[in-house]
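Across the two complexes that follow, chain A remains constant while its partner is chain B and subsequently chain C.
Moving on, here comes the complex of A and B:
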């Protein structure tokens, strides 16, 4: 293999695939990045067997070939090179990659590309096209609600339900639920659902920041992997096998009290409460106080720590229904209010021990449910 | 007084949960009362009143079994925050006697009275006074043991339940322990007891007769510790500010287990035990762990950190089962299984959605 490319492009490509490297794998080759020439481009690839990312950068190929090099060493090295052309040549016998850039020269010891697991590439037509911006927003509004502990593997995933001209993403960690629906440019012929690891979607969100064209989604014929096709990037993820809980049953249909709040003010009150709540299991009390004909209603947000102190914030609120006191994990509220995306948010509550529902005002396609905490403590 | 000789008191509240329920509802006094999970949910007995124990009911027994033995029993769901309030009142009384209090759970504590005494015998008067204050001020019956170390004090408090006060004076430890069954020694479980019985050893006195080298040969390091304890030797100090790191339950099987169904059943029982311990101590576990020992003694431990700390038996079981599925090389025979809760903290009060 003999190939040249710009340091800047190589560095950027490595930052895209680098997060899929598994640093502590029992399989040494998984700590490596694959470099392979392909039709006048250089392909970079990394996988941790759950998520794999391929990325293609412009290159001048003099001699085709492939190898794998240790990701950490290679990334650190490339980032240290001057912003010039990088010439790479593989010594096949020893699997040593020689790099030259400006007046620097380096040799990196690699592992034969034959040992690298095959990352599937999209075949033929028939993918589902989706607007990149909408998908990225939906991921940011849903993936954080997935479980991070693996005691229920299904809940570490995000349900993706394709039905007619809509994609619904849903995630729940047992204490909260996030559901977002986005339109599909073309309706799907038959409805189907898959469960994608939340980690994979978070990666997709990260690497799709500059994507302007639609993202193409394809399920492998074996139905155990999903591919996301971007411009010059493909992300492949294993799917989680099993039945996702019926989230629609969890969303309360009725409410006693509806409080409409300014999102930024509510978020600020929650962040202040966190200063004290973090010493007390994040418990933060919400006291909903309806107003009268003459005065507006209020929401009083308060947190108390036996060690550090307490705080109270009073917010103006437009309240329908009866007063209620309810406590939430304030981190859950901050997670949601940071991504809700509208100037106003509506909080729907019933009793202090029944789930609270939060919705962006003016956007019917996003629903978040949070289970409260015991008020007794 | 010779400060080499310690004066250790162990206090154990009698049928604590059931006794609190009877204080809250006097109509329950004298009735067989069982506190615990419901039989249809495969619950276990967390506490049984003495009238219920007369039917052979014991704590940690499956509730459906307890109700077979005593069908007329009143079954109540546990009210842990109520028990914690009563516990705090008892512990406050103990703290008046000495700051050296090691609280083992809601209903159990060790006190080191050594520094308060000019003569060892004074410990007996203090114990009697504490027992009376707990009875008069809180309304609860307690059993107490006074001895020179934790091991003997704990065996002593169990010696005359309910409401007893058993004193084992310095030098009397051996005579007190020898006639008792080996199971009273901390660290001797049913499997070890069976193996000792096979050697003709059923009492502590018989255990002491076995040469220590023999015990060490048969049981390893555990054998050496057993020999020490059987002689009434226990140097463990009373630890205040009892920062518990973990709660665990483990079980060695009489015969190695090879089938998933049996292992799951054991895991469920162990998970229930850990949950019960956590609830009694008023704690939740942020991490759940399992311990797996194969027939050839290869031992593995695995743990998972939970998103929200728990004291719920179902949540603990689910996490433990996930770890077992990932760890156990079916059908390799399993000799010992354990479940633990680590990273302990007060329960968060977070309610669950699903």
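Moving on, here comes the complex of A and C:
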């Protein structure tokens, strides 16, 4: 292998794939980055067998070939090189990669590319195209609700349901549920569902920051992986096997009280409540007080800690229905309010022991459900 | 070496291979197998062969691993992304719950390259109770693409709940002749050495091959047998000094006691029958000498004393005391 490229391009490419490197794996090759030549381009690839990222950068290929080099060493080295052209040549016999840039020269010892797990490539047409911005927003609104605890692997994933001209993303961890639908430009012929690890989607959200063209989604024929194609980048995620719990049953169909609040004010009240609630299992009380004809309604957010003290914030709210008192984990509220994206949010409640539903006002495609906590009296 | 053989390229264990091959052929692979057999008998080799058969890219009608494709090579090296080998850090350490949790997390994901994910849990008798319990859920109902192979020397040391969830595949020590033949044909060992190794191996090919790789092993054995002979004539002070020295090298104690057990077994057999089948075939003269001196009764007493020492050590007795008692029991 003999190839030349610009240091900036190489460094940028490595920063994209570097996140998928798994430094402490039983397979030594997984802590390496794959370098492979392709017509006029250099492919960089890394995988931790859950998420794999491939990235192509422009390069002048003199001789085809492939190898893998330790990611940490290689990334540190490339970042230390001067911003000039980098010439790389592989000594196949010893699997040593020789780098020259400006007046520096380095040799990096690698592992045979044959050992690197095969990364599936998107084949032909037939992918599902989706607007990058919409997908990124949906990921940020859903992925955080997935479980981080591994005891139920299925809940560490996000359900992606493709149905007609809609994609529904849903995640739940047993205490909260987040559901978002996004329109598809082209309807899918047959509806299907897959479960994607939340970590993979978060990574996709991160690397798609500059993406403007639509992202193309393909499922491998074996239904083992899902591929997200971006410009010059492909993210491959292993799928989680199993049946996702039927989340629609969790969303309450009716409500007794609907409170419309200012998102920013609500978020600020929650952040203040967190100061005390963090010592009391994050319990924060919401007291919904309907207004009369003359005065507006109020929502009173309060938190109490036996050790550090307590606080009460009163918010103006537009309230329909009866008054109610309910407690939530304030961290969940903060997570949600930080990503909801509309100036106003509606809180739907029934009793103090039934789940609360939060929806952005003016956006019907997003629903968030939070289980209540004990009021503790 | 022949490739794509119907025996999966294994030495012996014919029925086990046939049984597993039939399962692969008819697509009735069980979700979990338990391979039971003494150390170095071929459990891991068989488990890897099963993994190859499932993951091989050149699937022929006979479902035999080709041994040459990328998947087969990676499986043999233990580097296949769909193969998970879990074991304690070293023999005698324990297999921890984190390792099992990690495995559970990985098998929840669909396979990377092939149709299957194969998890091999080696020396599972070393698993902590909590690790074994953590495996139960996955073992009972793994995802459809997962095959779990549990390897153990002693099924009675596992939780009954683990054993009952697996198909048992007992592997017995191989006939000496088969080991000898394999050593000559596959590892190009000369006939005389192969004969001795086959006898000493107790039907465990892996043990014999390890001896081949470890050049000093044979010398160690000679030394230890010399020690044994010397101790029989030695004074109590000398014997106790030896016990003290031995007690400090805990790793070697088990090996030495095993070797001595084999030796006294030979002595006893020889005392009873001139033409008995021996293990230490190369030392017939010294064996005959001992057999004459101690007879059946004497050698049986030594065997009992040795076995007692082994049992005591297994029960965490003070090694030095246990060995000193053994020294007192050795005849003169």
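Everything below uses one rule, namely that the second predicted complex is superposed on the first by the 376 of 377 C-alpha atoms of A that agree within 3 Å, B and C clash if a C-alpha of one lies under 4 Å from a C-alpha of the other, contacts with A are read in each partner's own complex, and residues count from 1 in each chain.
Following the convention adopted for this analysis, a residue touches a chain if its C-beta (ideal position, glycine included) is under 8 Å from a C-beta of that chain, and two chains touch if they have at least 3 such contacts.
Keep in mind that what you see is a predicted model, and the values were worked out from it rather than measured.
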When chain B and chain C are modelled together on chain A, clash or fit: clash
First, second, both or neither for A:323, with chain B first and chain C second: neither
Touching partner for A:240 - first (chain B), second (chain C), both, neither: second
Touched partner set for A:153, first chain B, second chain C, both or neither: both
Which of chain B and chain C A:309 touches, first, second, both or neither: neither
Which superposed partner A:224 touches (first chain B, second chain C, both, neither): second
Touching partner for A:82 - first (chain B), second (chain C), both, neither: neither
Steric overlap of chain B with chain C in the superposed model, located at which of 22-30, 184-192, 292-300 or 310-318: 292-300
Touching both chain B and chain C, residues of chain A: 150, 153
Chain A residues within the chain C interface of the complex: 26-29, 49-50, 114-115, 117-118, 150, 153-154, 156, 197, 222-225, 238-242
Chain B contact footprint on chain A (complex, rising order): 147-153, 172-177, 245, 250, 281-283, 327, 329, 353, 355, 369, 371-374, 376-377
Chain B to chain A touching residues, read off their complex: 81, 288, 304-308, 315, 318-319, 322, 345-346, 348-354
Residues of chain C defined as touching chain A within the complex: 70, 73-74, 77, 79, 81, 84-85, 101, 104-106, 108-113, 115, 143-145
